[in-house]
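Labels run A, B, C, D, E and F following the written order; every chain starts at residue 1.
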Amino acid sequence: MKLKKIVLTGAAGRLGSYLREPLSQMCEALVSTDITDDLGKLYANETYVQADLASYDAIFPVLEGAEMVVHFGAIVDEKPFEELLGPNFVGSYNIWEAGYQQGVRRIVYASSIHAVGMHKKADFIGIDAPHRPDTFYGLAKCFTEDLGSMYWDKRGLESVHLRILSAAQVNNARALGSWLSYDDLIQLVTRAVDTPSVGFSIIYGVSKNDRAPVDNAKASFLGYRPKDNAEQFAEAVLAETPAPDLTDPGEMLQGGPFAKVDLGQSGIAQMKIVNDKKTV
Amino acid sequence: MKLKKIVLTGAAGRLGSYLREPLSQMCEALVSTDITDDLGKLYANETYVQADLASYDAIFPVLEGAEMVVHFGAIVDEKPFEELLGPNFVGSYNIWEAGYQQGVRRIVYASSIHAVGMHKKADFIGIDAPHRPDTFYGLAKCFTEDLGSMYWDKRGLESVHLRILSAAQVNNARALGSWLSYDDLIQLVTRAVDTPSVGFSIIYGVSKNDRAPVDNAKASFLGYRPKDNAEQFAEAVLAETPAPDLTDPGEMLQGGPFAKVDLGQSGIAQMKIVNDKKTV
Amino acid sequence: MKLKKIVLTGAAGRLGSYLREPLSQMCEALVSTDITDDLGKLYANETYVQADLASYDAIFPVLEGAEMVVHFGAIVDEKPFEELLGPNFVGSYNIWEAGYQQGVRRIVYASSIHAVGMHKKADFIGIDAPHRPDTFYGLAKCFTEDLGSMYWDKRGLESVHLRILSAAQVNNARALGSWLSYDDLIQLVTRAVDTPSVGFSIIYGVSKNDRAPVDNAKASFLGYRPKDNAEQFAEAVLAETPAPDLTDPGEMLQGGPFAKVDLGQSGIAQMKIVNDKKTV
Amino acid sequence: MKLKKIVLTGAAGRLGSYLREPLSQMCEALVSTDITDDLGKLYANETYVQADLASYDAIFPVLEGAEMVVHFGAIVDEKPFEELLGPNFVGSYNIWEAGYQQGVRRIVYASSIHAVGMHKKADFIGIDAPHRPDTFYGLAKCFTEDLGSMYWDKRGLESVHLRILSAAQVNNARALGSWLSYDDLIQLVTRAVDTPSVGFSIIYGVSKNDRAPVDNAKASFLGYRPKDNAEQFAEAVLAETPAPDLTDPGEMLQGGPFAKVDLGQSGIAQMKIVNDKKTV
Amino acid sequence: MKLKKIVLTGAAGRLGSYLREPLSQMCEALVSTDITDDLGKLYANETYVQADLASYDAIFPVLEGAEMVVHFGAIVDEKPFEELLGPNFVGSYNIWEAGYQQGVRRIVYASSIHAVGMHKKADFIGIDAPHRPDTFYGLAKCFTEDLGSMYWDKRGLESVHLRILSAAQVNNARALGSWLSYDDLIQLVTRAVDTPSVGFSIIYGVSKNDRAPVDNAKASFLGYRPKDNAEQFAEAVLAETPAPDLTDPGEMLQGGPFAKVDLGQSGIAQMKIVNDKKTV
Amino acid sequence: MKLKKIVLTGAAGRLGSYLREPLSQMCEALVSTDITDDLGKLYANETYVQADLASYDAIFPVLEGAEMVVHFGAIVDEKPFEELLGPNFVGSYNIWEAGYQQGVRRIVYASSIHAVGMHKKADFIGIDAPHRPDTFYGLAKCFTEDLGSMYWDKRGLESVHLRILSAAQVNNARALGSWLSYDDLIQLVTRAVDTPSVGFSIIYGVSKNDRAPVDNAKASFLGYRPKDNAEQFAEAVLAETPAPDLTDPGEMLQGGPFAKVDLGQSGIAQMKIVNDKKTV
């Protein structure tokens, strides 16, 4: 059944932007929301509403009549806890509580590998690995997953938590394993929306990379079958990769640069520096 | 080595009919048996014997000289225990005991997902999931698997238990995960027959569906590698699928309609009704 | 709350006899039943009804108004399948189906180690070990456990399955591990009755023997804490025990003598012979 | 080595009150803190500081020079998320961040069964069971455990998370399993303090009850060996316990009354009502 | 980064010969070594050094300046312990100790299925299966894996242990599962060399055979994705395969012929005999 | 049955000395052996034979007619590999091979926690934890366990591997968990001898310490139930224990001082230094 209404948060963000078109095709009305003034040109059945995730009163009316919320809105960088508290923690609560009050059936959430970023890459963790956040950013993902578990157990509100590994270009050795292509991201979100029942589910957002360090077997019923493989970039990337420091958490752990960044310090910036050095 | 003699029970049934030709090619003599009078035209090396599974005296001579039995005969619907007791419970005993007495080497058995039908679909159960039958029909499958385990442990009689998920058309959302195509069924039975040693093995009978809810990893040595994928029907089927009732066991559990049918009440009829509504 | 009515089957059997008194104290009315004519002297609130477990019509009225059934009735020896089919298989069905129809809340069942008798002693199996029956006798226990699982999942009828290891004297080396004293048996049944909710549970019936080969950890919530320890008999028993044949299933497997007896051949007799040789 | 300074938060609370004396004996200076004006008579080496956990500026100076913080301060009841956000969420952050900035070595935290309250009692969960909070109160415990994991992984700040089951009187059937006596609470906190290294650890706070529904095996190295057993109250309590409603989450799940309370609604009150009815 | 120097031991052996060319392309200088006088024609950047693995003094200088050692040198057959002690046990020690003293970063080792050869084929063992060697040859592989684990844990010297199943022709039923094609061998070694960090890793060396009896899931991060499939030989091989003896360890266990050979007796010879009988 | 002959190796060692008397009571003839000239006064049925473990010819005749060997002989300290190769590696081979040739039924071996010393104490490892040796000394224990596994699988020679944690005085914090009292050592060896069948078994040698960091559950069938508890020394020991360095492997890992010693460097000496500082 085509859905009547989907709400997309974080619609102005890097990943959110890619989702507007495919989501607009899965429903009669797509309501996109973000904190920016304007989203530019809209799709035929798309509406834009500016709203601050940290404000329950702003979020509540946006969700009226929605069957699903695709919740990608958040500060997407490591920051001091105080800065993340509103959008990333309270924002998640607002989405779930307003969703429940408005009769939303399901929330599809952009979680992150950083919820489990302190596990070793070599451990090939599954979706049931215990939380081991690497940053306050990752801690907010842990919080939201637990929140989603509770709303399902107590109130029957479904959610799928997409633990995205990395969606940037493949220009460093870690990304050979962690890459999620935009096409695969779209398939992932599509499956999370079109699967008839999902309960409370967790799934890693990663392409079919030969070197993928995580195990989605236990999420098989969702039918996510990625198509892209970062191995196409391996030769070029590895040619530029020096012998690693084996005592560096950023090398050995799932979270990569976030696994070694100081708490509250931006990791995205650091990732960019690393990337600049290694651009293919 | 080409086998000298295979016995196929349930040869007149829906799945049995598909197996006659491929099995006839794997042996010098195929003996097909069922409870009906006549099987129609036979293959060159095929013989038909009418026999009631519930009668040891009827079954015993049919198995003389056989190396393998492909045991698909049974009432294939939920019924009161009293009705299933003869063909589905005692019938299995008769096959195994007569098989042992006649020197049969291996039995390939049509078990069913309904032996474990009360597990959640989202749990991605493996072949070692504990029995959780959803019907008396499923209970007979549990009984036969345990019987097969015992005859292997105590008497060295091998068996492969094919837990078939669903072999109908893909015309409802559950079947997107549970479908077993006829081609894959044939490959599955072929592997169960041609693998040199199998001991006591369990394997799920399901195609290579993106949304398959069960895990065959632990049966890998059998080499069953399905080719068909129900995802080709997903768009059409999902377009007709309404938002499910998340408290419905038929929606959430492996057994599907059998997971919610009353014990002793026909589930097949119910499956048909569901299917009629959703024919593609 | 004191129960209004408990039904005890197999009341004339060796273990059933020990249970009559403690059960009579847990309810207002105890109805004891067995296939013998007469039970001898009854307790104040005890009634005796002769009934054949294999007959649904005989069993149905006995369960009227009962809150719990303590089901110890069965042929307690290995026999040909045909002989066990009535009392041990159909008998269990009759108890569960009549129980459900009569509104019984819970069934406490004398299951047995022989449901998992082909596992190695050295494996320290838990209550979740897969079924590996060693005899038709054990197969009937598997059947009944699966039946109990289904009635709980589908109909909310609770059951506790007591996998008794051995309740004989401690006069052979196996019994140093497998012994269940009568006092501990009574505690075990008492816990199975007085625990407010049990769902579908399995627990090993074994005393607190130093050498107990099974693990009850996962049944801890039932609060069974045995007091007796067969180690008191160890010195005497081991002095008489020769070096074992390490290829003998009766020595190495959980089922002991049943693990090596031919299917359908009495194992109890064999156990007695073994015991006579080694009486302390 | 006797510690120089311990800080106890929640010192005016029910459990905190019991800890003041034993903690005062484990260090040269005990600083007790809570939100109330006054703590009454102090122990010889005890100081009282009024402070609001939700205020970093209030908490930071209290922790100066402390080696360990025993963090029992929080709202100890289910409340709307907004009310718990300050003391139970931000409060934990304040303790860990101020602790890190002040060089605190270890935090001993009063976590709760309600972090995993939606698991079944019959599942005998270990300390590695995934979070399944039953309330916002439990969600704050999940948040704090993940926070503690991160500060250990990233900054080497140790913590022990005591998942207390119930510390009230044993006057209902659930408490026969969940009871933590005051003596055992004191032993538990003592072990959490005196064990030389603990890293990031979780342990259930429960007495040696026969019917304890959780498994502390994986926390064995802490040496917590409870002495009290609620079984002494079993006969009296069970005599007053009616047959339970088996569809009631409060009966079947670890969280007890919290497992069925509406989110944001006080559960403690409900527990009291239940208790009043059943006082021994 | 192209490596400066790789040392290949066992360069004259069957597998080593196939590795010389690909390894020569991954580094500036390839030093090949073996116990034979001469290796024949060398690749442009290849040097040959004759050296006895059992001699530390011979091995030490060969490793000077090497970043990685690909260690395939050993007696590749079952022999009495005394004969294997030098090359297969002490030889491994020499490589690791000299490697550490010379600053080698990583050792890629030709381990073998025979380190775990007594596990059942039907068990689909993973890379974390406990050691169960089937021969002294396999025991040397266990020894070397443990040695590699220790040098990583204690000294940060990385190693990848390639548990090769069988690299012969596919001319018997076992090889349908165990075959490692030469192309896949080369990919396997390439991944073991080019993955930036590997720590201590184990991986099975087997092609993408439908009937592969081992599970490499936990080594996924290495990115080894074999391309060849022995199923192409299945029809021809199975046509020649008689019904197996199910009590034969060589049939049922991972180690195949080594699983049944007497300790210290050559197994390769036996494998050849078996193979001669069944050449396609 | 009283055994005819037991051989004890390492009879002059610290632990061996304690075993002479109890072993002499379990057999008709005890043959003690070690590398020293003389053992002093012998028990009535004890004979002493001087023999070098590294010499097969010396060991072979000692084992003639023995039913069991209690193998405690070895260099009990970390040393360079070359020094341990004879007594600790080849010595084990000699015992097993000579034992097999002489018809010995079982070997009881003094293995060590150092076979798994690089696991974390907080992980509460079971007997099935993978090998992670911390020293060459520990590597010899790994080698011998794998050797014992092979001789059982291939030749039916039983062995019990006692992974002793520490048998010194309890004068440091680690020993509060790792202590094995002499009485418990004797019970442990007694059970390893008197249990009728053991196959290949591993068990930790540790007393019933509250803080024991290892899990013997899977070895329960052996009936080892220690009586002593190092907690009696806790107060005195902890009073002298400073805050640990949490980055010190010697503090955090099972192997204690061996986990941080350099390979080939004596750890016993280091342990003594530590102990001297902390003598109670």
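Here, a contact is a pair of C-beta atoms (placed from the backbone, for glycine too) under 8 Å apart; a residue touches a chain by one contact, two chains touch by 3 or more.
Because the structure is predicted, anything quoted here is derived from the model rather than measured.
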Least step count from chain C to chain F, where 1 means the two chains touch: 1
Chain-contact steps, minimal, separating chain E from chain C: 2
Touching both chain A and chain F (chains): D, E
Homomeric contact chain A-chain D: same or different residue positions, threshold half: same
Which listed pair, C-D, A-D or E-F, duplicates the contacts of C-F in over half of its pairs: C-D
Computed distance of Cα centres, chain E from chain D, in Å: 53
Chain A and chain E, separation of their C-alpha mean positions in angstrom: 41
Mean-CA-position distance for chain C and chain B (Å): 32
Sites on chain B at which at least two other chains make contact: 217
Interchain contacts, given as pairs of chains that touch: A-B, A-D, A-E, B-C, B-E, C-D, C-F, D-F, E-F
Residues of chain F defined as touching chain D within the complex: 120-124, 173, 176-177, 209-213, 215, 217, 231, 234, 238-244, 246-247, 251-252
Of all residues in chain A, those that touch chain B in their complex: 1-2, 67, 105, 156, 158, 194-199, 201, 217-225
Complex contact set, residues of chain B against chain C: 81, 85, 89-90, 93, 97, 118, 128, 130-135, 138-139, 142-143, 145-147, 149-151, 153-155, 262-263
